[in-house]
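Since the structure comes first, as structure tokens, the remarks are kept for the end.
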Amino acid sequence: MLNKIIDKTMNPKDAVQEFISDGDTIGIGGQSIGRVSTLLAHEIVRQQKKDLTLVGCNLSLSMDLLVGAKLVKRTECGSGSFERFGTAFQWRNAIQNNLIEFQDYSHLAMASRFLAGSLGIPFIPTKSMLGTDLLKKQNTNKINPFEIINNPWQKDEPVVLLPALQPDVSIIHAQMADKSGNIIIEGFTTHEPEMIKASKKVIVSCEKLIDSEFVKSHPEKISIPYIFIDAVIEQPLGGYPTSVYNYYEHDSDHILYYQEKARSGGKEYSNYLDEYIYNCKSFEEYIQKSAGTNKIKALKDSMLKLL
Amino acid sequence: MLNKIIDKTMNPKDAVQEFISDGDTIGIGGQSIGRVSTLLAHEIVRQQKKDLTLVGCNLSLSMDLLVGAKLVKRTECGSGSFERFGTAFQWRNAIQNNLIEFQDYSHLAMASRFLAGSLGIPFIPTKSMLGTDLLKKQNTNKINPFEIINNPWQKDEPVVLLPALQPDVSIIHAQMADKSGNIIIEGFTTHEPEMIKASKKVIVSCEKLIDSEFVKSHPEKISIPYIFIDAVIEQPLGGYPTSVYNYYEHDSDHILYYQEKARSGGKEYSNYLDEYIYNCKSFEEYIQKSAGTNKIKALKDSMLKLL
Amino acid sequence: MVTSFTLDDLMVIEASRQIQDENIVLVGTGLPMVASLLAQKLHAPKMCYVVETGNIAPEVIPTPTSVCDPRVMYKAIKHGSLLDSLGGILQRGLADIAFLGGAQIDEYANVNSTSIGDYSNPKVRLPGSGGANDLASHAKKILIITRHEKRRFPKNCDYITSPGYIDGPEGRKNAGIPSKYPDIIVITNLCVMEIDKKTGKLVITKLMPSISIDDVITNTDFEPLIQSSINVSNPTQKEIDTLHNEVDPLGVYLKKNNPINN
Amino acid sequence: MVTSFTLDDLMVIEASRQIQDENIVLVGTGLPMVASLLAQKLHAPKMCYVVETGNIAPEVIPTPTSVCDPRVMYKAIKHGSLLDSLGGILQRGLADIAFLGGAQIDEYANVNSTSIGDYSNPKVRLPGSGGANDLASHAKKILIITRHEKRRFPKNCDYITSPGYIDGPEGRKNAGIPSKYPDIIVITNLCVMEIDKKTGKLVITKLMPSISIDDVITNTDFEPLIQSSINVSNPTQKEIDTLHNEVDPLGVYLKKNNPINN
């Protein structure tokens, strides 16, 4: 491996400042109530990066916060949902009120687009979405979202071609990383492996910074090698209030509270952003306000019991 | 995981008898002088399965033995080589004498075809091979080996489409497997993950059968889950004379000896097949004849020193 | 004599009966998860549970509430990616059974989980396809568990997110969908409806105990065809016990209200 | 005063000088491996070594003889697949440098590793592309290390396995090859030739010590253009010592014959 380690550790403020620009297409990590990169979403809101296009499979809190903070121009995803906690309400509201552009795909279609991006091929086929309104109804035609061609090897077989997707930058919260950016994702990995490898830049926050010597003796544990990663941020609880496998369970109370505010919208929602983002000097302050030490301990204990 | 384990352990004779038929397209595991499935190649030779199409990336001993035994109709691969031990000479001889059909691809093209097969899509793009004789010169036109189309998202950009490849059966030698077919490949994996997942049936031999309880507590070690595997054969040294990472180094002497016979061809080669395959009652007898206990110990020791 | 059960219990039990041993089943959480685990504990011990998020063959701990729940990762053989599950298993053609849900199900079993009203100016925007379209396009057999309400069974979906038989018996084939003629079975608290392969439409094949054809018709906006009016078999004591004691012991999904005494 | 060295030594050393720190380098074994490791030990400590078979960033143990050698797997960050290396890194556009070899190299730096004579009825069938075509199609900079013999440098390759500039300065662009205008550098025991971006042809840019332009022309079947006749810099003592003591200590690739005394 590296004779000399490339040190990519940064603080979230510098990482977002350096690697994210207005107008960027941002790949969003996590799924539903699991391993959402809350830390980085908060920081983007704080820095008011604008005109963003958000892409991913099942997007939840990160997307909803950025849409709610009015920083999003467009979304391309498979779903906007917190599962049993409901739809992503600020996103729903933005669509119902024509505040954003949106392009619907199936989850496999989005994962396939990232795969194509990660392999450097311009498009990739799928056999999903045929016969449905995912192909027939479009909200905007600025970008051609797919093509249907005939399979050259099988007469009269329609095949959907999907354009490759290479986000300008992706934000991810992982369990572990070393300072050069070798990252370890434990449990489900959803669309992240393909999305990370497809992205032009990647910012990773992690629960725990690990030694590079450990990395060299556990190649089977490494999810993504350092060459795809640009910034590494150590931030315990960086995925709160969603769960991080092996570290802590999701906080139902805070997710329900967020959903209540997001559904109500207006002043109630902007108060939420004020209290939990704009008026927090640090991510730790947000954690203390929203959960507190005892709750965090309980969420950790609850996870440990399930391993 | 499984409440009740599905037991797929078999002996090589039954596995080849049950899962391989004349005329099959066979995916070949291993690369060059590493982790070649010698055991299974020998068994196919012994059972004289005919009219085979062999597919893979860098094919070496398995392909050369099957071609040398006159069981092969066609090959589709990226290269026929033992690296510094030379070309796959029986394959070379067959091509030079018009004894087989062959289709050349690049290694990435073959791996991409397996990827498409593993994802259930009918074809996949690549940007390799453009401008070269890999696209311009064909030995046979029975099967359309590729199509060139324009990228619908980028005017005047040619893209090569490759047909998906789903072998009828693949043969692999891995380090470990449990009896239900969860397999562990250590070290390089070449085209095998994609090929295995693309195949209709897969026969795996392994150095060591492991307990299914181990599998359940080490998900990061599992290369391929059991649902893709049809038969599991425990056969230590099943990859000899090629190397198996963590187990033994390749045997230069026997590879050189094989190459000498393969290059000479004729009687010398058929004597080799007689001595090391047809006249061996078991794989163990072949190991004893070609290496012997002391040599095997030396190859194992040599590997252990490198870990 | 079986102890009391609800129609919700029986809906889940009837779904579990559709799963055969060694089936590869793509499941999220919720009632489909309950039905799958019940099958695994009863008659399908070698069933392979695959979660969209990438976890393959876990020993699920009761009772998960999300596809990201650590309870669906316990002792998994592999923690893969969404591409592994939806691409490498589902689109690859290996999924025997997939479960779907949705806000609207029409007479061809097309499902809407995207929006109510006009797509570009929706009255209510829903979460979207997620993996549902993929499941419906590729699985060999599709199961839909849903409570039976009129608004859930319109004549036409406002938006077709996941394909049923589209517009007739050859609808899927004509559209090029890989799984051309799957069984599609809708199991509700009132009845079981299945796709009739001749018309591509849902027909009532079984009724829940104490439910009449008229009850179903009253609660369905399209006019369901009727193939039979036999009853769903009552649950066995073992089905009920396993469901409530082992699969959903905390009553997260199935409360013990409104029992039907047999 | 530098101790003795051979032109083979200098060929490898000159190749190593092409590698910059933090470069991602796709390498097999043989002389390219020797050159890469030398660079890593001298001026490119953060170089990332990627092996086609899937191993990423190993600490290579001297001296591997195969891409499957355990010596190229030691302390690798990841044991990936060929698709990871050739697809996810190379075709993805992340490879700064790739090494090629071949039986024939023509004046546009096209390379043949497939067959001598007619493709369908070859005089000699060679191993084929392997990853070579992929490397030549996608890397930003292509290095070819080869001993200089006339038969290796024909006017036209019998078969173009790996693209150089095809047939002129726009040859790659016109064919749609992703890496449109890469540097291509051929380093032999007689000289260094590089692609001239104006003509798409190889030009002689440097000569090995004691070698004349005529020596090169005599040993080349096409007529190489001449850009300069400056000499390749002599090796430093450190280059020689590192090469022979650390990178190829057993002399597997580089024997200590025919030294040139400076």
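Worth a mention:
Going by the order they are written in, the chains are A, B, C and D; count residues from 1 in each one.
Criterion: a residue touches a chain if its C-beta (ideal position, glycine included) is under 8 Å from a C-beta of that chain, and two chains touch if they have at least 3 such contacts.
Computed from a predicted structure; not experimentally measured.
Of all chains, the one whose mean C-alpha position sits at the greatest distance from that of chain D is C.
Averaged C-alpha coordinates put the centre of chain B at 28 Å from the centre of chain D. Rounded to whole angstrom units, the spacing between the C-alpha centres of chain C and chain D is 58.
Chain centres here are Cα means. That of chain A falls 41 Å from that of chain D.
Listed for chain C are residues 79-80, 83, 87, 90-91, 138, 178, each touching two or more other chains. Among the residues of chain B, those touching two or more other chains are numbered 112, 119-121, 126-127, 157, 159, 186, 220. Every pair of chains in contact is given here: A-B, A-C, A-D, B-C, B-D.
Contact residues of chain B toward chain C in the complex are 1-4, 6, 118-121, 182, 197, 215-217, 219-220, 222, 225-227.
Note for the complex: chain C touches chain B at residues 22, 24, 40-41, 45-46, 48, 56-59, 75-80, 83, 87-94, 138, 178.
Of all residues in chain B, those touching chain D in their complex are 31-35, 57-58, 77-81, 83-84, 87-88, 91-92, 95-96, 98, 104-109, 111-112, 115, 126-134, 136-137, 139, 157-159, 186-194, 242-243, 245, 249-250, 303, 306-307. On the chain A side of its complex with chain B, the touching residues are 112, 116, 119-127, 144, 147, 149, 151-154, 157, 159, 161, 163, 186, 220-221.
Across the interface of their complex, chain A is touched by residues 28-30, 51-55, 61, 65-71, 73-74, 79-83, 86-87, 90-91, 110, 114, 119-134, 137-138, 159-163, 166, 171-172, 174-178 of chain C.
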